[in-house]
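These are the structures, in structure tokens.
The following pair of complexes shares a single chain, subunit A, combined with subunit B in the former and subunit C in the latter.
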Partner chain A sequence: MTGATRTATRRWWHFAAPALALTIGFFLIPFLLNVYFAFTDWTGFTAAIAPNGLDNFIGLAEAGILGNAIRVTVFYAVIAMILQNAVSLGLALLLQRTTAFNSWLRTLFFIPVLISPLAAGYIWGALLSPVGPLNQAIGLVVPGFDFAWLGSGGSALVSVAFIDVWKWSGLVTLVYIAGLNAIPPSLIEAAMIDGASAWQRFWRVKFRLLAPAFTFSVVVTFLGALNAFDIVQATTRGGPGAATTVLNIAMFRQYTGGFFGSASALSLVITILVVGIGIPLIAFLRRREVEA
Partner chain B sequence: MNEWARRVILVAIAVPWVGIPLWMLLVNSAKPYTEASRLGLDLPDQWNLVENYSRVMAEGNYAVALANSLLIAVPTLACVIVLGSMAAWAFARSRRVSMKVAYNLSVLSVLLPPAILPTIYELQVLGIDGTRLGYFLVMVGTRLGVVVFLATGFIRTMPPDLEEAAAIDGASRPQIYRLIIMPGLLPVLLVGGVILIITIWNEFLFALFLLRGAGAATLPLALYRFSSTSSEFTAMRWELIFAHVVLTSLPLIVVYLFVQKRLVSGLSEGAIKG
Partner chain C sequence: MRRRIAIIGLVSATVLTLGACSNPNSGGGGGTAVADGTAKVQAKELTVWVNAVELEAVKAVYKRFGDKYGVKMNIVEMPTDNFESGVQTRWASGERPDVLEYHATSLFWALNPEQNLYDLSKMPFASRAGDIYKDAGSHNGKVYAAITDTPSLFGIFYNKDVFTRNGLNIPQTFADLEQVCATLRQKDPNAIPIWESGGSAWPVQILSGLMYMGSAQQSENWAQQVTDKKTTFNAPGGPFVAGLNQYKKFKDTGCFNKDATTAKFEDALPALAKGQAAMVALPTGLADMIADQFGGDRAKTAQHIGFAYPSATGAVSIWAPNVAGTWYVPKTGNGDRESTALAFIQYATGEGYQTYVDESGTFPLLEGAQPPKGGYSGLAKEFNDAYETSTAYAFNSNLSGFNVEFPNYVTGILSGSETPEGAAEKSQKVFEQAAKLAKLPGW
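Let's look at the complex of A and B:
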């Protein structure tokens, strides 16, 4: 290696080093430590931390916390992902063309994206309360309707997942609009000339060519929902019973109880879900993009 | 579909989806307690606007939290954008194996969730747990990955000719970065920056674990503490919670009104791609 290229390499490191150091220091080291802490008896009561094998996981499973939290989290993420993409794709099809009217509505639908998930939780906590506007509207048809959307085991989880959808749909809609506008108009015209119906044009042409936007949106909404916390804490705090106790809520409870090892174990479960479901999901959707 | 039918459908969706929630928020934030507890969509019989908002200002820790949010979000965004794009340039242009490894380590945070408990442990060891400095460092460390990922992909599509020509003309690396790379990255940094500022400004989970005391609270944390005390000891004081929600959401919405045209058209032209 000549002196000049050696200097050049060193200069590249000057540029990469600050970002790399901060990422290693405040993301990677805690991330790796978590893999260790999940298998220790770390609590808020003693200073000593010692490995305890699978005790945290066994304890959480025997208390009925682990299995329930995994089920609730995956169910929440699946509902949020399906609803999110259905709503946003529908809105994108309606708002695809760039007109003054559509631009104005895109701006309007983006407002919930700016509101914090916590604030969105409080807003919808009121809208869905037994005396709230939704029940008032239903009450016009069904007098005295006072169903507790967030207070009933059956509907609470779907309701909080819906709030997640409401909060992010304005952004996902824009991703789909970008995808739709990247489709060459000549392909749609060709399909029309061949006599394809509106549904066929959507399902056989547009939806297939939307594959990259679809991959991005499905992955981001699903993985984001696995980390759910704010909306649940603002509305149900995990209840009624344990109906909406997602992993992060269970983790927060272990933490406030002083059981730091068990809290780390629940964090590790989220990581395992992200890797175990997320990576096969990305691989599957990418392969589908190539085929389409 | 007929243009008018399409417009009617869109308005029929937009009214309950965005209009009614925001309307409910605003009108009820101006009502007295008993009126607001009915959560009606009618205008207040008795206007309590000034009382509610001044009470939130006084008891909701608003001014301190706003200052803290600004103090944390603005430097976080600046650091993440500048340091992230600098690293991205190095990762995109260097062909060394060690740089490839460094790149892969840097972008892990795009996918993997950050671990909270060990973060607290580490900040305790460093003596900065519960402080705004600790929270700021964690925000930067967990969000750099997104910028590195977006910007590296973008720079790889930029031909290196311009940089090479500038180097031959005697420009230094920092000059090339400032005069060629930064301006070239502007479209992707603009969109990435907007998504980052929204998520940093609204971040709650880490704030709840990492910030101690009212003096260090950010806006979401102040809203949470204010609402929790109201709902735990008495019935939900919706008018006060709503007034706090309005005040907490306002800064971002005001900024949005200035940049919305550019932002919405930028996003819908496909600035983010997987």
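Let's look at the complex of A and C:
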């Protein structure tokens, strides 16, 4: 090893230090504090903070808040992930070729990504109103149609998940387009020469080789949806009842009431969900990439 | 070796960080000024946190005090939608205003008043407020809030024209309400008997809980019994479950608007004014917004709109303190500013109070003040009569934890995903959890 190389090796941390400091200051320490506070009785009511074991989790479970919020969050994330990837993959296949018209359409589908999630929530809240434009349009075919999309448990959850899909599909579409364009055209041509149909070319060639883009998109959409808050807050505020009370909404309510320990406990549950589902999911999809 | 030292260093730093971590709510620096009505203006500037939706008459109090004493009033408006969480976020991080406008319900207990707020018990206004501090603005027997605005009453605004047209009497009980609903459905099917606003969530707790519980609250201070463990939300045959069942009955018999789960309270106001809805349960604090439907003409509003306050077994108006005009003086550590903040409270509750009453046009809360010079405007006389005749403190005000979740249980009943009994059971559990965490006496 030359002297210059040794010096460079010794000084690597000069370059890493800023990133390391930011990671420790804004991620590691808050994360560790959150873990600690989740097991304390921290509230705004008293000055003292003392460890209270699993009391926060038990109390939230007994009040029916924890179990419901986990169920709603996972269901929301699954709907958002499936719909987002299905829609985005379909759009990517349609808009793969770079033409002027396709570029214009890609821009159009990307616009929702740039809109604030709160604004998206308010816009869709109005569109989905019983007397809103959507029902008016349906009313042309089904006279008097006035279904409250956000007013009943099942449809409210699917509706807010759909808004998430509408908001982020443009971004995932670009990922799939990049993935499709990375497939060597010679492979597709070879499949065509071998007599593969359009469906076989997609399913046996393109979809297999899209595995890295698929892994990225599935993981990002699913884990992103586990953190849902703003769209739900802007449309249903977690209601009606507890139908759309995702973990972040439940956490927000605990926090608003001054129960910071319980809020931290719910925040920790989100982290556990993300890690507990995320790591196996990534491992599974990476294995699939290798097989592909 | 070096790596081991680095790891030990990182772990030590983390442990020290955790160990050094203390509750910002325990800050409580300062507290050197004297809160006995003799505070002097000693600073040239005050920061005031207020709700973005502020009454004009309250805004005028800041201006008059600032102009008179040469104090620059920095009014920091907190967005209404996230007002409580916005205040909590800043408060929990140790930030403090000189004057805080906030709820006088148990929500302010979460600011750790003993540690962080001035005890205003010895200020002159505290002895001129009747019994109000028995329920609101106080904690463990000490007064922390300076409440100046007329309390909001919760009841039914009804369209007089619809009532007259159908020969209806003003409801005194929930049985009367049921009768009004049945008559309207039969004689005037185009009129919505009761407009409910599930999309806004908070209004649904008025009819289902606040109003029905008025009788139990007035006769036996039901909420205090829950706090004292003498009864529970889900007690068989108890008034809470009965109220939710009555609410469900209204829904099941078609008394509500078809879009009750998603409608907003803003939509209720024109519907009421036009007679499309016969009744709407809302707080009197929205009277000006109702008057806006009549071009801001309060007299004309009173001709067409009335205020009723039925409860389970008799007429009881439900009151709760307004956020507007309810002030606290946090301990900031700056004696001059703390003294000036106390001087502001002295002004708002003393020499400036009558002007405020005259401008607001509502009845005075503090003894010694006269009714507004121009007389009561619009519905204010009806509100005054309701408050004087029969009133009870809103039962949910000091039930920590429950008051945040209650609207969601009711929207659950509205949408059919929740039963009254299930909601009552959850209410009890959520209150028990909160009471333990808040370390309420006996919990």
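Simple rule for what comes next: the second predicted complex is superposed on the first by the 281 of 292 C-alpha atoms of A that agree within 3 Å, B and C clash if a C-alpha of one lies under 4 Å from a C-alpha of the other, contacts with A are read in each partner's own complex, and residues count from 1 in each chain.
The criterion applied here is as follows: contacts are C-beta pairs under 8 Å (C-beta built on N, C-alpha and C of every residue); 3 or more make two chains touch, one makes a residue touch a chain.
As the structure is a computational prediction, the values presented were derived from the model and not from experiment.
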Touched partner set for A:Thr98, first subunit B, second subunit C, both or neither: first
Touched partner set for A:Arg253, first subunit B, second subunit C, both or neither: second
Partner chain in contact with A:Ile29 - subunit B first, subunit C second, else both or neither: both
Partner chain in contact with A:Leu60 - subunit B first, subunit C second, else both or neither: second
Touched partner set for A:Leu127, first subunit B, second subunit C, both or neither: first
Partner chain(s) touched by A:Arg208 [first = subunit B, second = subunit C, both, neither]: neither
Subunit B versus subunit C as contact partner of A:Gly239, first or second or both or neither: second
Touching partner for A:Arg71 - first (subunit B), second (subunit C), both, neither: neither
Greater residue coverage of subunit A in the superposed arrangement, subunit B or subunit C: B
Contacts on subunit A seen with subunit B and repeated with subunit C across the two complexes: 24, 28-29, 33, 42, 129, 131, 252, 255, 260
Subunit A residues within the subunit C interface of the complex: 24, 28-29, 32-33, 36, 41-49, 55, 59-60, 62-65, 129-131, 146, 148, 150-153, 156, 237-243, 245, 252-253, 255-262
Subunit B to subunit A touching residues, read off their complex: 1, 6-7, 9-10, 13-14, 17-18, 20-22, 24-25, 28, 37-41, 79, 83-84, 86-87, 89-91, 93-94, 96, 99, 102, 105-106, 108-109, 111-119, 121-122, 137-138, 140-142, 144-145, 148, 173, 177, 195, 198, 201-202, 204-205, 208-209, 219-220, 223-224, 227, 236, 238, 241-242, 245, 248-249, 252-253, 256, 260-261, 263-265, 267-274
Complex contact set, residues of subunit C against subunit A: 10, 14, 17-18, 21-23, 25-26, 28, 84-85, 88, 91-92, 107, 109-112, 115, 198-199, 201, 258-262, 400-401, 403-405, 407-409, 411-418, 426, 429-430, 432-434, 436-439
Interface residues, subunit A side, partner subunit B - complex: 9, 11-16, 18-20, 22-31, 33-34, 37, 42, 91, 94-95, 98, 101, 103, 105-119, 122-127, 129, 131-133, 136, 166, 171, 174-175, 177-179, 181-182, 198, 212-213, 215-216, 219, 223, 226-227, 229-230, 233-234, 248, 251-252, 255, 260, 263-264, 267-268, 270-271, 274-275, 278
